[in-house]
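Got a structure here, written out as structure tokens. Questions coming.
By written order: A, B, C and D. Residues from 1 in each chain.
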């Protein structure tokens, strides 16, 4: 952290400021300049509220933070890719893994039909929402526990590990048979939930919030890792911008940047990002090309009658065609599918 | 809801589409056009996933929703201002109410000192964070239950009703002595929490999320009202935009618009919005001028040593000066302070 | 500018890097750290492409710029408010000045009618668009030179100085009778136009671009000032964000911040910012309260038949009512109207 | 266009409203509803200011536009891909075309060295900035006409057609030897410039503005086409969002959407979008995968000493490696390189 000082500050004032930090265990360095002098602060500055220092010390003009706040998630700390296995399915490293299934769990017939279809097309994990976050209280809220049972049954029959979204930490006991706990975009900074899943031994699929930066996503991963759980998949699913032609703006460059900043696997959700079925396949191929480790895709046996997100769901034959295209391209990206 | 059809659709196709809606209990109207024909759907369309209809019905080119999804919160449904009393303090209507206190509860001495100061300057309620949502797991997370006790003690001594933030619904039993439950920006779409506070008889201060629209804020209020709790204060606290000169972009025009769209009281949090102490007073005055019903302001007895948000906290004498300015201006806006 | 170095860089490498800057006339300071060492660069760094240095010097991990790039516009350089006179009308300092008139100049009768109405309500300058930037080539593009003539005639009759928008630098000769040249939001970074108006002796009303930061606005003012023209009014007119309920998001906090950063007068355009007539008055009052030096407001004698922006135009009696409200409040803000 | 009416409007009022439109040559359709009645307007509504109608007709509650405003650029009007030839180089259709060269033209040696390098790697056109739009007046502004001469010389020697940016319409005569006129992001809505290049017979590379929607980009293309020039390349180069980790947020989903909405070729500029050299290659591959028709990439013989944008420039060997990767993947996307 660097504090740039205002002009013509008396030496005693500066000295007092340096001593106040050194008494807290930091070292300080004096860095004079033509326009402004500065003081560099050395030590673990991650808990310092930088703006507060500026506002509350009349001698300081600006401050700059020069190291990232996340540590465990950083590739600087852990340079090799994190690779882990979920019920026999390897995630990360050279694997390109596709999670597929309906937005919402609706019926037994639907789940089994979609599950067997996506499995035969090459999906390695099954998704399906039992608890659904919806903007409107009048919209379908998911089947809840019954949905979890239908998912579990589909898992038993197809052997596909299952991924489903948790809404709050009191639900953790319900997720015993779930293989990957999904934390949705709206909960990315539900810190109590992050801490709670961090205490479990379940892998976590952590979606980026609609208005959260890449650094904040990594800080949320840090919350989970700080509790001892390192099996995290980060998931880019579109951010909110001024553009309204699509549901969100998919930040594929952010995926490429995440792959440089962190060792954690990074997935892409093209379905929620755009909200338009015909864009899912081009975005899925672009995600593979940009370096993603996998995809989570909405597939429905009958999109026209889906209870949620039908507009962006592929039907099984569209999904099968996409998987063929991805398999053709995976080896160019040195990925196994 | 209006569905605009693609060109040259056979009459049978259109008929099938209309019948499919009429069988669900809607009425339909045929609206031919020069470029496109359209079908208007009549009935309660709030649960319809409009995009899904478009994507899954090949005859539909576009759809437009023509009524708002929120009902209970709408001024169309309830035209008079909602006014309610919290422990003797009236909120809404002709009242301009200031909530003040430190960002975080830190010590007994701090709470009592700030509480008596803000009371004597004219604040009507006391704020203070016991549970703190922080982007970094390494940052100060609040005193928790001990913080709640210090708040309660300050309430007992000063008689100021207290406002503090809840992090998740399991904490509700801890909030017995709290007068207004605050739901923070990151939890605005934590729907389980909204439902849970909707089942209590506590007034709720609902902050707008960083990337949430005014309509989504009203839908979140609708979640609470749908459970029977109508005592809600909406709070604008800045949205996230491309501008980085301030912490967030305070949407004061959104406040004026909210006052037209809803009967619920609307407060402004200038401290979090800008994150810069010297901007708090001009923004507070602008909030009064634009039609807000009150403010929530961070005041700290010693901002330089605050454990969080010191950069944006006023000290008691700055707060007192601001309150003087607000009182001078309140009558021009036909508000009592 | 501070360069934070990667770890374990050999001393010779660092030395070479420092010498490369010192040969260009900069001084360098060595600032060792626990995590990272750093080098501070002293001198006029405003032309340095900071990111380029980072990317092209493998020893550099990050860089931070610690001084602003604008100089002439900065209050640090020129602490007193800029106050200037336009045809007898004082702008800046203790003056709160209202510019009013129709979005587009349409007819002689319209201009004279609006001009005399706004004058009698207390507007000090007259606005009206002769050349109109429109997103669609099929929309009304303004009356052009004929519009300028109608404006000039209205000026002759009412003695109100006139403000109108320029579209490109070839039009400067046409603006001889115009008192203030307006540069629209879309042209805020039309640098050739900025340089061209900088060479004139006309005051300039410079609108903030839809997606431009406050610092970029000040840099655009710097372009004009760098050519010798210091009579600039900055104008906040709403920025583009994710919120679609209003035309744009008015950044009133940005106005308060601008007043701290620069000595130039800052105006607000509430009409374009929100695009909704009923919000113009609350936003105008909030602009006065937040510290703006004036307003530019759209007034039309017959908004229902305006050729552009009728939705946000006040009629003369609405404008008159607003001016009364502003006059009542101006003295509280120590402003003359 | 659909006007949704307020409740309980007397029949005469409605009739008057319909007649007012029918007198202007539109047809109207009466569409009663349970919540609201509506009137559909039929005819060429592209010039109607929808919001003005709502604000100025007290009987109208909302309005919705149901057809796009652009016509010539729309794939609905012209379903086949636009393909054209620039000095022997085919653009659009099955071609994947790479434009490469330095950000700024600096010296003869630089231009010739970069031009021959990118040509031998497979670039089909040469880029280089002679006139540079820069946020700061103190930054390098380009070599101007001398830069154009150096570009022309590089064209003569290598036979590569050249692409360079125009700053304003007075420069058109200088662009005689330029093969494609580039309109930069800041000029996307410089409508006088759009009209002026529309009157030339030069192909135009039109970059999307930082805060402009896809529909606005298409409307700007419409300005050019409306003057008779149909040879336009649209270029996505990143939009401005809240994320600051990269220079901009590259909207690759927008590229896929553009390919559906318009027949015009769509290119991607990964260099400006991210501003980080190591991200250029993954983004270039993703652009190919998502359906783009080509790329514009910054290549510099000596990025460390580039006068602008060195941070994002590839050196010739990095560019060569990227071109190899693109060629391997082009056939999977049914593109020729």
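A few points about this structure:
Simple rule for what comes next: a residue touches a chain if its C-beta (ideal position, glycine included) is under 8 Å from a C-beta of that chain, and two chains touch if they have at least 3 such contacts.
None of the values given here were measured: they were computed from a predicted structure.
The set of chains in contact with chain A as well as chain D comprises B, C.
Of all chains, B has its CA centroid at the greatest distance from the CA centroid of chain D.
Relative orientation of chain B and chain D, expressed as the C-alpha superposition rotation angle, is 180° to the nearest 5.
Measuring from the averaged C-alpha position of chain B to that of chain D gives a distance of 38 Å.
Chain centres here are Cα averages; for chain A and chain B they lie 26 Å apart. Rounded to whole angstrom units, the spacing between the C-alpha centres of chain B and chain C is 31.
Each of the following residues of chain C touches two or more other chains: 211, 240-242, 244, 276. Those residues of chain D that touch chain B in the shared complex are 2, 4, 27, 29, 31-36, 38, 40, 42-43, 62, 64, 66-67, 211, 240-242, 244.
On chain D, the positions that touch chain C within their shared complex are 46-47, 49, 51-57, 69-70, 133-141, 167-170, 186-187, 189-193, 195, 209-211, 216, 219-220, 222-223, 226, 240, 247, 275-277, 303-306, 308-312.
Per the touch definition, chain A reaches chain D in the complex via residues 211, 213-215, 238-239, 241-246, 249-254, 256-257, 260, 273-274, 276, 278-279, 282-283, 285-291, 325, 328-329, 332.
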